[in-house]
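Next up, some structures in structure tokens.
In what comes next, chain A is part of two complexes: it sits with chain B in the first one and with chain C in the second one.
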Partner chain A sequence: MFELLGIPPQALFGQLLLGLINGSFYALLSLGLAVIFGLLNIINFSHGAQYMMGAFVAWMLMTYAGINYWWALLLVPIIVGASGVVIERLMISRLYHLDHLYGLLLTFGLALIIQGLFRNRFGVSGLPYAIPAELTGAQNLGFMFLPNYRGWVVVASVVVCFGTWFAIERTRLGACLRAATENPTLVGAFGINVPRMITLTYGFGVGLAAFAGVLAAPIYSVNPNMGADLIIVVFAVVVIGGMGSILGAIVTGFGLGIVEGLTKVFYPEGSAVVIFVIMALVLLVKPAGLFGRTA
Partner chain B sequence: MKLKTLALAALATTLMAGSAMAQTAIKIGVLNDRSGTYADLSGEGSVVAARMAVEDFGAADKGIDVEIVSADHQNKPDVASNIARQWYDQDGVDVIVDVPTSSAALAVNEINREKGKIFLNSGAASTDLTGTACAPGTIHWTYDTYALANGTGKAMVDAGYKDWFFLTADYAFGHSLEENTTKVVTESGGTVVGSVRHPFPGTDFSSFLLQAQSSGADVIGLANAGGDTVNSIKQASEFGITQSGQALAGLLIFITDVHALGLETAQGLVLTEAFYWDLNDDTRAWSERFSAEMGGSKPTMVHAGVYSSVLHYLNAVEATGGKDTEALMAWMKENPSEDPVMGTGTVRADGRHMHDMYLFQVKTPAESTGPWDYYKLLATIPAEEAFRPLEEGGCPLVE
Partner chain C sequence: MTSDTQTHYESAAEALPIGTPRHHVVIFGVLLAFLIVAPLVLYPVFLMKVLCFALFASALNLLLGFGGLLSFGHAAFFGSASYVSAHAAKVWGLTPELAILAGTAAAAVLGLVIGALAIRRQGIYFAMVTLAFAQMVFFFALQAPFTGGEDGIQAVPRGHLFGLLNLASDMTLYFVVVAIVFGGLLAIYRIIHSPFGQVLKAIRDNEPRAVSLGYKVNRYKLAVFVMSATLAGLAGATKALVFQLASLTDVYWTMSGEVVLMTLIGGMGTIFGPLVGATVIVAMQNYFAGLGAWVTILQGIIFVVSVLLFREGIVGVVARWIKKPL
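Up next, the complex of A and B:
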């Protein structure tokens, strides 16, 4: 049997696929961050906490109200997104005229508070959330055993990512949004309510994080630290892709998932840092990120 | 006349001794993980356990003034060192207890040695604490990687799981546990076919699990703990690893982990613990009190160890009438520990607390009668068999 880089091809395909699955989460989360940064110029550090809230709200809907996974997938982004709208209206909207740093500090503080509250209420060991009955079981692909749920995660993530990219880059609504960030006064003069559009954009970005949270609930344990563990990596993904670049966030999200997956095979000890090494290299060579535009 | 003087003198001495005792103020520092992956198995529960020990000892009636402080070391050795230093240098802490996360515990152990204080470790697992790194003021109370490896590792090999693959958390504890288990496995006639080290803490273990699967081993040894173990077990079941005949050996599983996994996923796991709430009437009564203060959760063996070690320490303070480290350590090593939670035990010259360990199996959902009814007892491992023999540790205190 032939081998690629000292590893049987079967094992390699398996690892590539696993990388793609993790990349789905990176892509969904970095997409939300990129949308918020690209259109609002806010570095949303509470993104990880909002992802965690997504998983918890799904768990609460199931435990307290008996609402199943599929409804949660629809309702949770709306509920958590609405909480984002409230945060934007009450707090973030007061910071637009200030330096980026203030938005970062505010959202970072919010993340700590939200995580603290959940930790206090639910502890850190995590809560079980079952995989929906329709997606239990697995497919034997020959080179690996793919759980149906993981396959679903990739599909759902690709569809949502593409939909978002399409809406922002290819529709009239997206054009208005992009115009509003370039020149809010002019767009406002055309009769478009710019502040409301910005608020809804933040809500949408937060909703994306919550959606990722619901997807993650059945496979990772639902615990208050789940977002904090992930958010730093996701920020690195956004920086590599180019701050604010929608396509960059999606492509690097999936790409880095695969790179990380391969590192886990060739040098497992390095898998926690490989993304940051790439980030450092990209910043040295192309400071605006792979898909970013230099201002 | 002479008799009267003598009686008076005796009375005066007693009074003086009494007042000296009344001046004894003890400050206990509970240092552990209060927010991260080990917060449920140690955390606030350890503070509650320490407080229960102070109450049961009756410190107030004995004229010993005990204060308990706590801090979060975030599982980081540097943070743990800083807190330990501040506690000893500025805050007047006399004894540090708990300290899970081996790397953090080893760091605190060194500061403790330097300051000549007492360190009662319950939460950490590394055998180095009573081996090459053993210190005159350190007692390793509850469990260690040798005991875990010896209990679970041996039981699995005896049950026919000969070929092992390790999934190891990449820090002091994981390495130590892997090393100890490898030794037990090979000595019992098994072999180790491979291992992979994962970053700590991790979230996705599927990649490592697939490597373990393709190794063709009979059993995957999980040399990790807390959330890492929970996620590894969940994902092994998701990727059909357990269903395809490969077994999992959780080398360090706490009851809080089983609670988080749910019996559906955790059933059948074999594990080694120093304590289970449902062992006898005493442990049940104590655990009931603990639960009442902890919102219903049952104590882990780390909590039990904190209670037991603090009680033994306070007995030593009462007996020696002071806070002199050397005198206290001598007393604690000479006298057996005795409490309703961990039963009878002794402290060995290298600082190892010796007590029985238990081999449990996680019940199936059908066998369990309700929340926290999780274990059935497979075997009691006598202290002398459970822990590493004194002469094998390489502790410089043992001549």
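Up next, the complex of A and C:
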């Protein structure tokens, strides 16, 4: 059995895998934040709560309607995304003429309401959500065991992240979206319904959060607080990456997950704060963020 | 959709700096008189809690309402000051005034470090950066050996002020807290109405213009950030003595959110708004404590309603009615 810097390889690869999984969630969530920020210019503070909603809706579909994981993966983003559309139409759309900070405050309030409601209904102890039968078990990779479900989480989030990247950077719809980010008035003059595009973009971003929630449900227990602390880490990820680029959000998300995993191996005490320390360093060296453009 | 950086908070308090308006003197006088009489009618510990949060919210308002910088991590300063003063009073056996001073100084240093980093980004990023650093402070408080983890620092002795005045009595402590908080509020009032405060408002309203006028904008921002952090620390350190407790609640992000809410519903950029906001929220928490998780939901609803319909805040609306800055 060989050892790497005094660390047994099982521990090293195990933590790397955990890091990669956390990174998948950072990437999906910061991607959603970046997409929403790009067009709406607001930071969606309720993103963590909507991720939590994703996990809960999947649990409810399973428990009350017997709808399995695979259908949940498809349905939950649509359901939660639709709730996002309603929120955008009723509330957020009234704030576009104001300072962007009001959007942050509004979505913070929404996060409190959503989390409070779920805590009232389900308590704070986690609810179990079974791994789908097709993905139980593990693969022996020689140097470590890879649980199938965890492998699936990484693959699924990579596919969804790059799908989103492709849709935004390489398709006609994405071109309209990027144009509207630069100059909404002009794009509106070309006959494109910009307000509707904004609404659907918010719905899509929220849907991404919900998708991440469904992916997370079998790994972490489904509980009302699961998004609350996570979203703050994701904010740090977003500050590090800079929200100017979709690809930047994805790469930073995965990268920081891995860095966090490695920290757990070599300096466990620092693993909770390593991302914040990196944020401080990035602010010192490149304040606009690794992939950001200076405004 | 606006993309300009000129931020306009809908505040009604844009006083011209010609002397101190008489109605402000009257309000401060009435407030002081009320605070002296109040403990005869109301529970002093409740009043002290309101006072501490009033100072905390006013400190945030100095930064948010007058500097235009939304810090979503002010709990870091409130909480770390509360930990340091609790530790100083309990373990080092310092007298209360020194313990409060130690806590406040710790918050000032922390404010200098976090502020210097945070002002490198603007607007929404500034809010996220402060929130992230506050979370880092939270994790530190969770793991550090002297903070007592989940238990916090309990049974902090109130001690004798200057070695003479026994603060174990709520009544005695109450008047000390009144003196501290009232002093803090007057300091904030003075800062706002100084030439420094005028430059601050200029930066808030139009940063590029302030730059072109030759002001070193970042120094002003950092200065106001440190002042705000220090005063928030003063509030936190005092709170630790009042409740004889420093706990994780004080450094958690919910606390940062609460103080933003107090400022928002009282009226951002008004002088007396944060006092009113703190009173409303603390009273709500006290009287609705039996409702459990509903308090959080209620706070969320107030947040949403304030942002959508009531951005001027309570004091802002009153100021508009009487057509005088408050």
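Here is the rule we go by: the second predicted complex is superposed on the first by the 284 of 295 C-alpha atoms of A that agree within 3 Å, B and C clash if a C-alpha of one lies under 4 Å from a C-alpha of the other, contacts with A are read in each partner's own complex, and residues count from 1 in each chain.
Everything that follows uses one rule, which is that a contact is a pair of C-beta atoms (placed from the backbone, for glycine too) under 8 Å apart; a residue touches a chain by one contact, two chains touch by 3 or more.
What you see is a predicted model; the values in this text were computed from it and never measured.
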Fit or clash between chain C and chain B when superposed on chain A: clash
Which superposed partner A:Met279 touches (first chain B, second chain C, both, neither): second
First (chain B), second (chain C), both or neither touched by A:Pro147: first
Touching partner for A:Val265 - first (chain B), second (chain C), both, neither: first
Partner with the higher number of touched chain A residues, chain C or chain B: C
First, second, both or neither for A:Asp229, with chain B first and chain C second: both
Contacts of A:Tyr220 with chain B and chain C, given as first, second, both or neither: first
Which of chain B and chain C A:Val239 touches, first, second, both or neither: second
Touching partner for A:Met52 - first (chain B), second (chain C), both, neither: neither
First (chain B), second (chain C), both or neither touched by A:Leu256: neither
Partner chain(s) touched by A:Leu20 [first = chain B, second = chain C, both, neither]: neither
Clash-bearing segment of chain C, relative to chain B, as chosen among 24-32, 114-122, 132-140 or 150-158: 150-158
Where chain A meets both chain C and chain B, residue numbers: 119, 229, 269, 272
Touching residues (chain side chain A, partner chain C) in the complex: 37, 40-43, 91, 94-102, 104-106, 108-117, 119-120, 184, 228-229, 232-233, 235-236, 238-239, 269, 272-273, 276-277, 279-280, 283-284, 287, 295
Footprint of chain A on chain C - complex, ascending: 1-3, 7-9, 70, 72, 117-118, 120-125, 127-129, 131-133, 135-136, 139-140, 142-143, 253, 257, 260, 264, 292-294, 296-297, 299-304, 306-308, 311
Interfacial residue positions of chain A with respect to chain B in the complex: 8, 10-11, 14-15, 18-19, 21-22, 119, 123-128, 131, 138, 144-145, 147, 149-150, 219-221, 223, 225-226, 229-230, 261, 264-265, 268-269, 271-272
Touch list for chain B against partner chain A, complex: 35-37, 39-41, 43, 170, 196-199, 201-204, 206-208, 210-211, 214, 226-227, 230-231, 234-235, 238-240, 244, 256-257, 259-262, 265, 297
